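Mind having a look at this structure? Questions to follow.
Each chain gets a letter, A, B, C, D, E and F, in the order it is written, and its residues are counted from 1.
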């Protein structure tokens, strides 16, 4: 798994959230930072800036499957071309797909207002618009998300998605927030999906099933 | 995992297809037949007839998660209510979701013409209609699917989905056909998704992540 | 017409609402209760529990057409198979279709929060999502709906559908509320559709036109 | 019911098709021609040319409900404004709604290629696009439709809608073809909906239920 | 360009808004009033009443391209038939298309509540529903829009579209408001599209490119 | 206007197609090649590889508006961020929007099978899927498109889009084919849209209207 931003704190938070998926008989899970990535991915330029570096990184890596740990799924289809048939999973993609099985209308807790428009485009591109309640921004950076301080703001965004936009399941719209998932679920009273866990689980499944 | 039809041959075929998902550190995977189920599920009555028995079975079972091994996902939401919070996965649901990550428009290889209309309703219910190329029936029963004889007919249906309806990824529209997946993929030249594998993988992930 | 719940009060209320459709030259209209049905249909399990009994009842009845008097349209397609070509109408289906001719976006006054998710699935399944403003629950049981006491809560839900979700036509999301229809229309100032009346009218039309 | 074209032959054919809906205790059904209407409605100009005359006619008539007997539903919303609260039904609208209850994807047997584009716009306007298989033209005028000679061409169009576009229920895309409905249903093997019958039945229901 | 209402004040306001599009080497732009048109177009009857007069006017005019300056795009397809291959542009059509390039979800500032339903139908007919946040009425007539007094009400409607319905780009839902565009953009903080300018620009382009 | 591939022949062909839009009183139109771009844009990697170079180029250029001359609209939203408020138009975006005004269902003549999937994603992202008949590839490179030899293959693709997929308007799915537009329109008998012309016309309009 590659964190397209260069924040080691975010990478560490992601890594911690994947601990439950490390089973003795299963594949090894390694999380790395993209050294050349920006501190966080807020603008569309941030997202597009990592696409070619991600493709290069994947071409050079010997891993059997890849997960892109940014909720913009930056360059997902380019990285798939670069991976030469090895599975490549996006965290937004799998976060949203998992949400489809936990409720009727998902809402996305977004970091910044700029990411809301990007998410709208992506949900339409995936063809999931009729299941989408909307996105609600908390005005935070990726690095802010690691601490406890942000939890109440995340919960507030989740409640707005539920009561104002009709969401009945929520997706965390950024990597690195696995430590908040359960607490938010309890605070808000709706299922909350952590997307890096879902994408890594999907990659594990693809690896286990590759030969069958 | 519960096979809602009573065919032990189908149950055995399903069980075989799940072998790659049995890892030493992971949860145990058990496949059972619904004793009171019909020989196969062809009509809507067949599908609806197993809903309450499935719910009863789930209430009585001590498993930590459940997978319904029929491509109609019969009673999925009722069984979820009956499971008291334990994860319940449908194979159609997860077969289609996985297909969304392997192409732009999925086609379903259906057993019977009757199941085509049921699949159209279900794809609309899931909100995935803009990603759906269509379904193509092979006029076979669930039990027919175990043998080699049917493979060429499955491939023919897959080719029709690709050339006539524009599918670029295919989903096997019945449980018990895992042994055909790879061969069909090679014959047709498109990704082929086996839905019981995907749903069981999703159940494993839900179990591993339950406490996080 | 069959009321899938066993409440005789609801059955009587439904029967009363159909009086205007009993014309001298037209077919006879009979309303019965499903003896084995639950007191009311609130959960998905309640809805699914009546499907096979309804199919059995239809097979045994000599009526020329059938109407299912529960807003979940439980087992509509199974009952159609069981009816052997005789028309079978669902009240949700016809309530929503009639609403399409009275406004641009319909809202559903729902009994319980649980039924809201079921209605969302059904509206998507019918392919009517772009005409759907939403559902608003009043937290009542089917039996509560017979009395006068509930009227103001129904009106309140209707106003919320109009002002918060943009509905310009309303559908009563339960059988047995015909006595409220006109009063609600006056209170809210929008057309209000009573679904059992619409489904029975559709069944009458199907019978009259059967030979043409 | 008003036939917006001035062809008395079409008006007579429409009138004949409504015979089954004339029940002793029900409302009187009268079919008239719009004297100033064109011979047939083929172009968009033909359709729009009758809108204001229809509105004027409705304002001057003392009928309790109105049906517009042209598959373009010309001026439906203007005529509703002109009718001062009295019900106004369109035959396309009700033909399509009835079809939704008889199959998953409806096809329209269109008279001319020009009407195909008009139907596409109307189906989108109604929000029914996901249930629409397509339209297939037979290159005939409204007057041609009365005779027997056209039946095989209608059947051929219906078969094309089924096999090429995936329709499982068909709607006759013009008034005055009720005499073909049953024969076409038998020839094609799919349900066939005659739209004037459906719209008049809906108007009858609206009248019977007006006071309830 | 033809203003389908007979208000000379509105025609003059439209004409003024087109000044920037008059370039020395480009086509001449002339704005006329439809003498027989209503004072303003509020109801569906108003809109439909101008369709045949517009078609007649276009047939008699020698212009090389036409723009209909009413946000209902009245009779757009009939006028296209009448124009014999010369380009005909609608202002609603082009106002909405331009908005698609400036944001993810457009909102329409509507004059009257009646026009909101008409706009909903039109947005669905155009197939743009997934990009539509909604319409918000200011309860004004076309003639009211010329003065300064209305500006704050327009801004208020724009803010409601943004904060309550999630619009990120706005379209002025009436001709003749070009003088407000920039001020509204500054007041609201979102892009605001003036539709007559967009439709005339599209007509210019069609003329310049006609021979290429 | 920037051609994101480095083929000077394609750049020259684009430049020639814009001649009709150069009017004496209007803005100057300059077409340049992206020196560092690939020879042609076929894969998703090709498309993504030019995004950051395009953004850098736009930041360094003093032009008042920009057009991206590649049918993938590569990096459209990133380039908009980089342009600091100056208009940026994509040729796919404007080719499709213009097509919406010329027919009911547009088809895209695609260069390669790989671009078909990319176009499907983009049409969904734009929210135009219900107006999309499909894409048909001709298996050519961008450079092939300049010559006469390809014209019959383009016409064949256009006919397939019309007769097999129901398109009634066509869009050329690559820059540099303006010299084929009229001939194809005559050969196929449907309107054909050349996207670079449309996007440049839209940029001109944006410039002329910028101060109003």
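Observations on the structure shown:
Simple rule for what comes next: a residue touches a chain if its C-beta (ideal position, glycine included) is under 8 Å from a C-beta of that chain, and two chains touch if they have at least 3 such contacts.
Just so it is clear, the model here is predicted, and its values are computed rather than measured.
The greatest centre-to-centre distance from chain A, using averaged C-alpha positions, is reached by D. Of all chains, the one whose Cα centroid sits at the greatest distance from that of chain F is C.
One inter-chain figure worth recording: chain C and chain D are separated by 27 Å, centre to centre, where each centre is the mean of the chain's CA atoms. With centres defined as mean CA coordinates, chain C is found 42 Å away from chain A.
In chain F, the residues that touch at least two other chains are 121, 124, 126-127, 129-130. Every pair of chains meeting the touch criterion is listed here: A-B, A-C, A-E, A-F, B-C, B-D, B-F, C-D, C-E, D-E, D-F, E-F. Residue ranges on chain D touching chain C, taken from their complex, read 17, 19-21, 23-26, 89, 93-94, 97-98, 100-101, 126-131, 178, 181-182, 194, 197-198, 201-202, 204-205, 208-209, 211-212. Residues 103-105, 130, 166, 168 of chain A are the ones touching chain C in the complex. By the touch criterion given at the top, residues 117, 120-121, 124, 129, 134 of chain E touch chain C in their complex. Only residues 43-45, 47-49, 51-52, 55, 75, 77-78, 80-82, 118, 121-122, 124-127, 129 of chain A touch chain F when the two sit together in their complex.
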